[in-house]
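Chain naming follows the written order as A, B, C and D, and within any one chain the residues start at number 1.
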Amino acid sequence: MSATAVDVKNVTHRYEAFTALADVSLTVPTGSYTVFLGPSGSGKTTLLSVIGGFLVPQAGSVLINGADMTAVPPAKRPTTTVFQDYALFPHMTIGANVAFGLRMRGIGSKERMRRAHEMLELVGLKGSEAKRPHELSGGQRQRVALARALAVEPSVLLLDEPLGALDLKLRRQMQAELKAIQREVGTSFVHVTHDQEEAMAIGDTIVVMSHGRIEDMGTPERVYLKPATLFAAGFMGQSSFLKGKVRWRTGGRLDIETPVGRLPLPLNGSGADTGDDVVLSIRPEHFVVGAVEGAALSLGSATVEDMTFAGAHHLAVMRHETVDSFRPMVQMPQTGETTPGTTVALGVLPEDVVILKDDS
Amino acid sequence: MTMRGTSWRTAASALYAVLVYGFIFLPVVVLVLFSFQDGRFPIPPFEGFSLRWYEAVLADSRLMEALANSIVVAVGSSLVAVLLGFLAAYGLARFALPAKGVQRALLTAPLTVSYLIIGMGLLITFNFIGFPKSLLAAGIGHVVINLPLCFAIIYSQMGDHQANIEKAARDLGASEWQVITLVTAPMLWPALFAAFFLSMTFSWDEFIISFLLTRFDVTLPVEIWSLLRSGLNPKTNAVGSLVFGISAVLVVVLELVVLRKGRRA
Amino acid sequence: MNTAIKRLKLTGAVALSSLLAGVAAMPAANATEELNALVWCDHTDPALIEPFEKKFDVKVNLKEYEGTGSALAIVEQSQPGDWDVFVIDGVDVPRAIDADLLAPLPADELPLDDIFPELRLESSLMRDGKLYAVSEKFGYNTVSFNKTKVDAADMKDMTVLWSDAYKGRIAVYDYYLPVIGMVAVGLGKKTSELTADDLPEIKETLFKIKDNAKLVGEVVSSQTAIATGEVDILVGGGEWVTAGLSADKPELDWILPDQGGVRWSQSIGVFKDSKRKELATEFVKYIVSPEGQARLATSSCYWAMPANAKAGAELTDQQKAALRWDDQEAYLKNAQMYPAPDAELDAAMQDLWTEFLQH
Amino acid sequence: MAARGQRFDLGPWGFVAPALLWTAAFFVAPFVVMAVVSLWERIGTDLVASWSFANYLKFFERGHFLEAMLNSLEVTVIVTVTSILLAYPFAWIIAEKVPPRLQRMALVLAILPFWTSYVVRSYSWLLVLANNGIINETLLSIGLIAEPLDLANSRTATVIGFVHFFVMLLTLTIYANLVQLSPNYRKAAADLGAGPLSTFWFVVLPLTLPGIMVGAFLTFVLCIGDYITPQVLGGNNELLMPQVIMLQIGRRADFPTASALAILLMIVVTIAYLGFARWIRLERA
């Protein structure tokens, strides 16, 4: 088996005036869990359709396990899809639903039923063969859809917002189960979602998409901590942005002029050069509040405008004392006396600042 | 709203409902009652209970033949109408075809035309091409009037969710034919059944097209019409009551068994 | 759930297949040959047809019509050879001969001498020495009435119908020829000499009758109306309305007014394009035989006098009384034939009739 | 998202073609034939291809044709309006006052007489409305009237026969509309201070209007083209269009005139359709 399960090369697709995919290329390593993340209209579902064979792209090609599948219909691809609305056959039992793909492959009914039983056991629905879809809860239907898609042993399983219809608690629980099942069966999973927390929790690789383009691609940690673009930084978790200009670059260091003053920063993986306009992105938990000392750089002081309680911590929205356009979002302790109106000093460690090209 | 106001309104509603039910059932009750009339005239006074008119109906070979013809036409034309309507609905709902609006309008257009005009058009046309008046001709006419209905009912049930389910089947390896026979048709069973049942009802009761397009192998409504024109007697009541009784039992059984189940699903 | 559905499917399948099996078995009369006859409704009585079907092992398909126009319309909407036997009003036989619809009959095989002399109608039924149809049944379009509600003496004068003496208590039989004929007789015209010039006066009179009429109806509606007391007088009625009802409604009677009445007569012939002329001829022979005649005279749709005088032997006294067998001599004298308009006059009369209905 | 048809091009026309061809062959073609024949004339017993509008002119020249059309329109409008006025409250009572588990039964009961044969139903009304029918007998025996009412064989009888049929049909369609209505609309209206009457007038009625209009149009089409009811119940005291058309076919085989009349009738229905069109999406109804 090839080390690359899916290889998408320069795929472009337009719906009339709307560009759904613009020259997209990516690879999905065999046995990995890949998540396409993006807002609606970003092209993530279109990309999934292209991989699944429901859509032939106008340009580019799709290779699965090294073979060109661009124009091969879904039935003939080693992929199966778990649909957002599950698309269970309402007139069939759960057993028959799961065994459907095997039936299409001409497998005898005894063997089918055995496999269906196995798959249902895998997804934790042992003994539900005789039930019908409408007798199950949303989470159970989701599992049936998964079992049905896995029963034919695809090399790539495509999941189109599979958890979108579930409530939050169930969703978090299913994320863990999906990941566990993926590890158990070893199939490559490609999962589409617009929920960044889901993406981080579940993916080996996250592909951040916007306007038909890939904005960033990497491990969750990398994408979160060192997002490649402004969009990725904004879409994955919360960030506060501060515009600046690179005064000069020397060796591994940058000197950036910002409204809150000059900040000497390490490169932090950025390719910014002298004279570039940049945006500095800082995660809420990276702000240093109160005593700005040691290696921390001072960002001036800001007044707390609003506080929201987020369980493990507080999140404060602040207004910078001198720079109106800078509205830091800062993580504050779970317990503390800070209330709206309080003014605090803000700082940040140089290595925590992400330096992004200002492409706005 | 006071309690007294509420109960007054409820009483008025109940009275209204009873009156309308009375209006709806009046001709049926009279029909059935006088089918047991022990005399020649199906009008008051009721002269006594007798089953002789039912015997007369069952002994009337022309009526029985017409009954059989009606069943053949109703079942046959409804099957064709459902099949054509299903295929068209599937084609229009699932494929990119040019001028879909025009196609849909064409398929539903017969709904806006009187049966008399449809029947007459067919009569003149068949006459020109030398196609004989027959049960088959009437059946063709019945498909024309029922096809739009079947199409509309089935088409309305082919939404995006259903499309996704078909997509899932294809994804799992089903061929186009398998998708239709194993997934689409069974999934739409309630709609197909409703279309078939409605189509049967209309065909069963249709008069003017059958009247214009049949010769000897007439349908039951046409034979009843002849019966009516050939003399006044409670036989007409008896055959009407029989038809009503059988259909009513059928409808109630369907309601209790099929639709109840469908609703739970 | 699953088993319920299976059971349902099974029941459905069983019901449907038994239904279809029943249907297949239905046309039980799997007779070898079929005979297609275009008839008035009195010929559809199984008591009349079944003996013939049994004797010749044949299935007689009957299509009933009312009015020669309808019959010719039906023939026009058919293919040549579709029809074998034609029952048609005596006065309209020349039209059918003109249209080349009828085949000559073997006169020597038919009991022509037993037919009432007034019904032999050689001028209509024969042409160039060939017989094209034979009379089978006759009666009168006059006035039927309920003698408990209407003074029988009033009914002797037809003009009472267009005075308003019985306003709202009159029904009119919906067939233009006899009623136009009746009115013509009432106005002192001869039905055989009607022209377009007579129509305005007839129209005026008809409109007066319409003003008095509760309804204009076909056989059953007019019968229903007089039997149920909806109306007390039926214009265009006669023994064909009352005789069959005589057992249940003895109060219904009919009369030939002093001005006279219209006599109708049906005749029967064989279509020229028939592919079963021999069998069709056998059918004609059966219908004009005394037995056939007696059954036809008392058939379920309407009763009327048989054309064959020998049928009397086959009828009961009660039946003969209802048919006024013994009064026929006098009645025949005082009755005129249906009008027999040419196509143009016929169209004018039909337009007149439509206007009458709409009046 | 996915492009339908770009992938599975197994000849989608194969699905649509049978129904389209059927409709073209047995609906459109006969209509064209009828339109052609309407320009011919029947002279004597012959059909003459005279290519004239004589048959259409006849309609406007001859009082009784025009009158039939007016009668038909009058009867149809009376029937449609009466049926809606009777059926709406009835459907409302079933939807609102009848306990939910009994509603379906109430509805089935309300439309059960559908399944008596249509011809027999008209005939049955004739017996009900006759001078010594059940209505007159009852009214006479309780002394409400001294003379039997003239009900049968009249326009009244025709209208009653029609209304009977269409009340059932409209109850069904209006009920379906009423129950589809989310109860939250009414709750919201009540919450915002509307009384039952204004809730009905400003919220329920406008929301159910499209459904009523579809039903009204169906009633219009079925009523204006029906032959049996006026023929059985009207007593030929006036003629409606279908009766006049049938007279042309049945008594004289005058297909040209019948075709012209049929086309005129269709034009009237089409005008009515345009009037109703803003509410009607037949194929999604």
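Throughout what follows, a residue touches a chain if its C-beta (ideal position, glycine included) is under 8 Å from a C-beta of that chain, and two chains touch if they have at least 3 such contacts.
Molecules present, by chain and UniProt name: A = Spermidine/putrescine ABC transporter ATP-binding protein; C = ABC transporter substrate-binding protein; D = Spermidine/putrescine ABC transporter permease.
These numbers come from a predicted model, not from an experiment.
Peer 1: Pick the chain whose C-alpha centre of mass, unweighted, sits closest to the average of all protein C-alpha coordinates shown.
Peer 2: That would be B.
Peer 1: Counting C-beta pairs in contact, pick out the pair of chains that comes out on top.
Peer 2: Result of the pairwise contact count: B-D comes out on top.
Peer 1: How far is the middle of subunit C from the middle of subunit D, if each middle is the mean of its Cα atoms, in Å?
Peer 2: Distance between chain centres: 35 Å.
Peer 1: With chain centres defined as C-alpha means, what is the inter-centre distance between subunit A and subunit D in Å?
Peer 2: 58
Peer 1: Averaged over CA atoms, how far is the centre of subunit A from the centre of subunit C? Could you give it in whole Å?
Peer 2: For subunit A versus subunit C, the centre distance works out to 88 Å.
Peer 1: Give the residues of subunit D that touch two or more other chains, as numbers and ranges in rising order.
Peer 2: Residues 2-3, 6, 8, 127, 130, 132-133, 232, 249.
Peer 1: Two or more other chains in contact with one residue: find those residues in subunit C.
Peer 2: Each of 1, 77, 224, 228 in subunit C touches at least two other chains.
Peer 1: What positions in subunit A touch 2 or more of the other chains?
Peer 2: Expected reply: 53-54, 73, 132.
Peer 1: Once bound in the complex, which stretches of subunit C touch subunit B?
Peer 2: 1, 4-5, 8, 16, 19-20, 22-23, 26-29, 36, 41, 44, 46, 61-64, 66, 77-79, 82, 218-220, 223-224, 227-228, 244-245, 247-249, 300-302
Peer 1: Of all residues in subunit C, which touch subunit D in the complex?
Peer 2: Residue list for subunit C touching subunit D: 67, 69-70, 72-73, 76-77, 99, 168, 174, 213-217, 221, 224-225, 228-230, 343-344, 347, 350-351, 354-355, 357-358.
Peer 1: Quick check on the complex: what are the subunit D residues that touch subunit C?
Peer 2: 44-45, 62-64, 67-68, 126-127, 130-133, 150, 152-153, 232, 235-239, 244, 247, 249-253
Peer 1: What part of subunit D is in contact with subunit B in the complex they form?
Peer 2: 2-6, 8, 10, 12-16, 18-20, 22-24, 26-31, 33-34, 37, 86, 89-90, 93-94, 97, 104-105, 108-110, 112-121, 123-125, 127-128, 130, 132-134, 137, 164, 167-168, 196, 217-218, 221-222, 224-228, 232, 242, 245-246, 249, 255, 258-259, 262, 265-266, 269-270, 273, 282-285
Peer 1: Within the complex, which stretch of subunit B touches subunit C?
Peer 2: The touching residues are 39-41, 43, 60-62, 64-65, 67-68, 71-72, 75, 123, 127, 130, 132-133, 215-216, 226, 228-232, 257-258, 261.
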